[in-house]
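Shared between the two complexes below is chain A, which pairs with chain B and chain C, respectively.
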Partner chain A sequence: MGYPHPIHPKETPVLSKHFGEVEARPYAGWVERGGYVALKKALTMAPDDITSEVKASGLRGRGGAGFPTGLKWSFMPKEDGKPHYLCCNADESEPGTFKDREILRWTPHALIEGCAIAQLAIRAETCYIYIRGEFTEPYHILQRAVDEAYANGVLGANAFGSGRRIDIVVHRGAGAYICGEETAMMNSIEGRRGNPRIKPPFPAVAGLFGKPTTINNVETLAAVPAIINQGAAWYAKLSLSSPKSTGTKLISVCGHVQRPGTYEITMGLPMKELIYDLCGGMRPGRTLKAVIPGGSSVPIMTPEEVENCPTDYEGIVANGSMLGSGGMIVMDDTTDIVHVAMRLAKFYAHESCAQCTNCREGTAWTARILERMLAGEGKESDLGLLLDLAENMTGKTICVLSDSCAAPVVSGIQKFRPDFDRHLNVERPLKTAGV
Partner chain B sequence: MSDELVSVTIDGLPLQVPEGTMIIEAAKQAGVLVPHYCYHPSLPSPAVCRMCLVEVEKAPKLMPSCVTAVAEGQVVHINSPAAKSARQGVLEFLLINHPLDCPICDQAGECELQDFVFQEGRSGSRYDDYPKRYAPVEDFGTDVLYVPNRCILCTRCVRFMEDVAQDGVLEVYQRGDRSYIGMEPAHKLEHPWSGNVVDLCPVGSLISKDFLHRARAWDLDKTASVCPGCTQGCNMTVDTRDSTVVRLRPRPNLDVNRHFMCDAGRADYRWMNRGDRVEAPLHQDGGKLHACDWDTALDEMAALIRASDGSVVLLASGRAPCEALGWTMRLAGNNVRAAAIKVPIGPEAPIGAIPNLALRAERAPNLDGARMLGVSTDWLAAINAVKGAELVIVLDAELDDADIAALSGATHLIHFATAVEPRLAHADFVVPIATMAEEQGVFVNRDNRAQRFLPAKSAPGMARSAWWVASQVWRRGGEGRRAPGTASEAFGSLAPFDGLTYRDLGLGGRVVATSPAGAAR
Partner chain C sequence: MSTHETAAHETVFAGAVLAKLEALYPKYPDKRSLLLPALWMIQEARGWISDGSVAEVAETLGLTSAYVRGVVTFYTMYHTHPVGRHFIQVCTTSPCGICGAEDVARALVKETGCGDLGATSPDGRFTVIEVECLGACGFPTPILIDDDFIENVTVDRVPAILARYI
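Take a look at the complex of A and B:
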């Protein structure tokens, strides 16, 4: 199937195989498609064996940071007598990112199965799926799937008759971008204001309700059943470039391409093929101007950087940006980068949790300067000021929201200087008194 | 915190501090104050103001010194160019929406934003052409006004109410640069300790209605004192302007009140400024009280006491310090029939999260001192003993109608008074004494901690400390008696405090043993 477009030959459908198939949503349909085999297998495995398997697969966090998943799980204490928690981060709110939404909409049971396996690995009886508040349809689908899983004995006090307790709670967010930050998410689940926490202590030591906690992205967890089913070696081989980037990645492409949508590629597929083959390239008569490859928080790439860039963690870093969440925004030559930077800065200014001074004031100030520039009121000194503010907003705060605001501004100025200059060197009409 | 010491170097100074100490506290020991806003030693640290970022060698980025513990061999640079420029950046961010209304702001002069901007901020603003954030002043309750424009969102007030007072009515509302400190409409800052948010606020955002526009900070004289409100004995600072007390604020003492003081204690200063004071010794002359000089009054009182071999009753205020109680007791000698202080009782109001800190039910600061000096708290027994006593000495006690009625039957009456009391016009002597704001003295709190208070203003007219008057009369009562020359001596010569001096007590107080035999030395 594939959604919204039929599966392209260059795609590798692992997670997205059943996107668009309404029959894959209910429990029965999912079991028909090979669902819950992996969970049954995992129930017979020792927790550390599951972790080792995931470690060996090379699976890395799909939420943005790309931290090795197995390693993250291995940070969890073993038998410490405390309750452990798994949090599934389904608060997908990064501008340009809409990959988890498709998993939640089409294959909710894949996520539930992934969560359950991860829970076994980290010895967590309870998993909280923190789903973005605006995801109304995905929420209802997911909640129905969880209810079904309970009704069919997948979840509950006696999962598949194994005597193990596996609980999953779906928790809806209230519309704050910052609650996608893992520690803010924990605060939000606890009923507090969604402010990021200071690390240390790290979640594996004191996370949700002060107990050892692991937080994983939807896509990460949804990939786990396939790894358990088909083995770490199979997954690790799914790579076209760096052996450090394995498996498949959902890339949600939006912007000025002919076929925007969510695509599943093998790690390392050249970005050019992704844009021009899978997405059908630019609109007629237009040329590529810029790409934000991994959600709005990463630096902007130029066409030259895109030219030979493999779509994987290392390749994009080598080409001046980051894979991030895999939310790709493609822009053609009609785009004004100053406008892009302003739009993003306004978003971050709106979403700053207001804890850290640098972020609270810096994001709003940055947005104002860019707005002023767009209005033709920019000053010569504004570029220096923007870079100065960006410097004061990078690496100085509790979480990376202010860094994310600074990144497109800095990369925009560095790589698309003519756009900024155009706004600074405008001929201003003489204002008359109107007499 | 363990006893293990770790070696760190802070701004070039090698230092040994206990393991687990935060860098910001270690720096204080090195004599460096790391500029900060959200950090407060009595509150949990959220590390949100980002002002205390310091450079730690080998760390990838600047570290918030309020939540970064020292580590063996750590080298910290507080005044390195990177740390300084980070602070300058934060100050600039804080100032873009801060109104520069210092000329009408109560905090000016004791404002941490002012101080640190003056110390290391930029001289000009690059935030031109934009209006500053504006929101109207809000009434937060009891004594607190919120001026949102000045707020730097350090959240000290939020954390105090939430974590210390445990009455989390304050919250940060909204997000981004639109955020502000607020309350649910149904809530008010009504906690009996909520006034502390005014002190905690590093800027002029939370201000006291009572102190509003009363004085400029730099015009204030500050005197170390002890709150006379209850047996807790919170350390406080008396702020005076031109010899008028305008404000009481808590003075840090980690063993007694940490950094806090209750609203009742804070508000209770107007009596220190009373105008209707007795300003000269008064004695009976032709059936009326007339002013006389000290020598006459002292001689006559000595004569009265010598003549009255019978019993003496001492009725003292619960606020009488040790010196006054001890020396009036000594003056009464062996003839004391009854001696009591009056202890008003009120509701107890604990602060919440700090054990052993509360506004106590017994509203007498020197209750334990009185006990040590043999003065009881059985006021009624003492009043009943008035009848048939030869001499009654009233030591500035707060008298109700029943007390006055009982005193009308006293044979002789010496009234040590701060304020004029027309209903005791029949007293043989009215002795003008200083209030606690005008003299040195010692209160012993409920944990047997002897704590000094210092004179914040001058006593009116000829008023003297009660201990001085009592000791001078006592000296005249027998050969070879020597009166103490200083308040410290007057204190040390009392049996329970045998030989202790004010210097021994320091300004943080000292626990004294309950029995004279075990008196700490």
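Take a look at the complex of A and C:
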């Protein structure tokens, strides 16, 4: 449902069916709603059969990268005799994204069930759910749900009497966007600074504590029980445009729409319908100016690009951006794209772990140049300088944080040039006034 | 939630708090992984993480103070100096920024008497900081006061919200 709004006829509520329903949150309420049936089924399946089912469903990573989930699981070694780990990424911090927190707050047992099934598939006894420190309410709800799952024999040494051990530990972050990057997250769980690691080795080979590890997003894992229950074929059919984008996707919409919230759509729903029908369109008297469709790290779209864009991985790429996390920022004609870009650059400058020079310097200088421009002190050469910086921030660093800072700046300059020009062509006050 | 440490360091990891920490040991393959949880426990007990606390955590987990300090300073939610009794974090990242978050931040600074972002009010009641994305972008402007997450904060609502925190 479009939490906090009622279900819209154009939505496909699978994950969000019970958002806003307090009775669904505790263990008993979740079981009444069909909870843990999928886990019981998975406990009777061979690990590779679970992976094959998820592979056939077409489920792709919902955290931003869109990597096929079953394929990722299949990279995990089999009879290697080492402990394996699952990390659930609940470090939701990408500006514009507030979908995972609704799963954490309303249906924590859906996530626990998804984690447990994934653990069976990748042969991991232990899962760490890494939740961002600022999510105080979701943290307490999730921790209580995990405690309930242990008390009811879902988790522990003998999950549902199967003789299999399934452990889940909630690990709280302490304020660092970069810990949402999978290798930084592993360092953070290990009690280190959250610096991303150089790949290879990839986590499936040497991840958490040096052992084979899979990292999945909250929404990805929460989708797994429904796939096990209703089958891969059912899930794969949920697709309105590209066959490579299947299932449902939570889209958190914010900014200048009439009904911001978290909506669940079938992959491929036209973006225009999402913005105008589900979210009620722009505020009265205002028109659409720009959309950042997938969290702040993706290029900005123009209304022309939105016009015929299906909301799925391929559709948004074809229209100049990316689906990313599904965190959609909608902006109307009151918006100054330079101000938006400045705030985003400040975000990335603040969140850079600073181990790569291009990122540490690039993000900070991008923010400073944009601030200078907004203060009326910009120079014509600044646009070239920003693009030059962006060039040096793309594909040059250990992780993609600096690429993410460059994306809105480059697309902003390319697609919304008049906003930048307006700040450059200002009549400046005289520096000296005879006093 | 905050108490200011002025005297000599008093041990936090004793009694119930130590038991809480030790209960976590079996959940991780090494003690170093307990560092973030241990720092949270310190901050909960003392309001901030002093040099003495850094040394205590290091001693408890078998790490060096320099290592612990390196980790503490990486994460923005750990306070390395005393803060007001109520710690206010206001989100001003782009999605909230285009919906008036900067005005809310200004109103919070003014109404609390803090004078500036990051400063503590003269009565020791509040500290206000701007933070990056709190992950509630559809409900601008979200703020965190201590552990309380408050959504849809507007300039008009600021005085009534602050009145709840003595």
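What we mean here is this: the second predicted complex is superposed on the first by the 429 of 435 C-alpha atoms of A that agree within 3 Å, B and C clash if a C-alpha of one lies under 4 Å from a C-alpha of the other, contacts with A are read in each partner's own complex, and residues count from 1 in each chain.
Criterion: a contact is a pair of C-beta atoms (placed from the backbone, for glycine too) under 8 Å apart; a residue touches a chain by one contact, two chains touch by 3 or more.
Just so we're clear, the structure is a prediction, and the values are computed from it rather than from any experiment.
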| item | value |
| --- | --- |
| Which superposed partner A:193 touches (first chain B, second chain C, both, neither) | both |
| Touched partner set for A:364, first chain B, second chain C, both or neither | first |
| Touching partner for A:372 - first (chain B), second (chain C), both, neither | first |
| Which of chain B and chain C A:176 touches, first, second, both or neither | both |
| Per-residue touch tally on chain A - higher for chain B or for chain C | C |
| Touched partner set for A:350, first chain B, second chain C, both or neither | both |
| Partner chain(s) touched by A:385 [first = chain B, second = chain C, both, neither] | first |
| Contacts of A:398 with chain B and chain C, given as first, second, both or neither | first |
| Common interface residues of chain A - those touching chain B in one complex and chain C in the other | 176, 193, 350-351, 353 |
| Chain A partner contacts - residues on chain B that touch it in the complex | 46-51, 53, 61-62, 64, 67, 86, 89-90, 92-94, 96-97, 126-127, 129-130, 152-153, 155, 171-172, 174-179 |
| Interface residues, chain C side, partner chain A - complex | 27-30, 32-37, 39-40, 61, 63, 70-71, 74-78, 89, 92-95, 97-99, 131-140, 144, 147-149 |
| Contacting residues of chain A [partner chain B, same complex] | 176, 178, 193, 198, 349-358, 360-365, 368, 372, 377, 381, 385, 388-389, 391-392, 395-398 |
| Touch list for chain A against partner chain C, complex | 83, 92-98, 101, 126, 132-137, 167, 169, 171-177, 188-194, 209, 252-256, 260-262, 296, 327, 329, 331, 335, 339-340, 343-344, 346-347, 350-351, 353 |
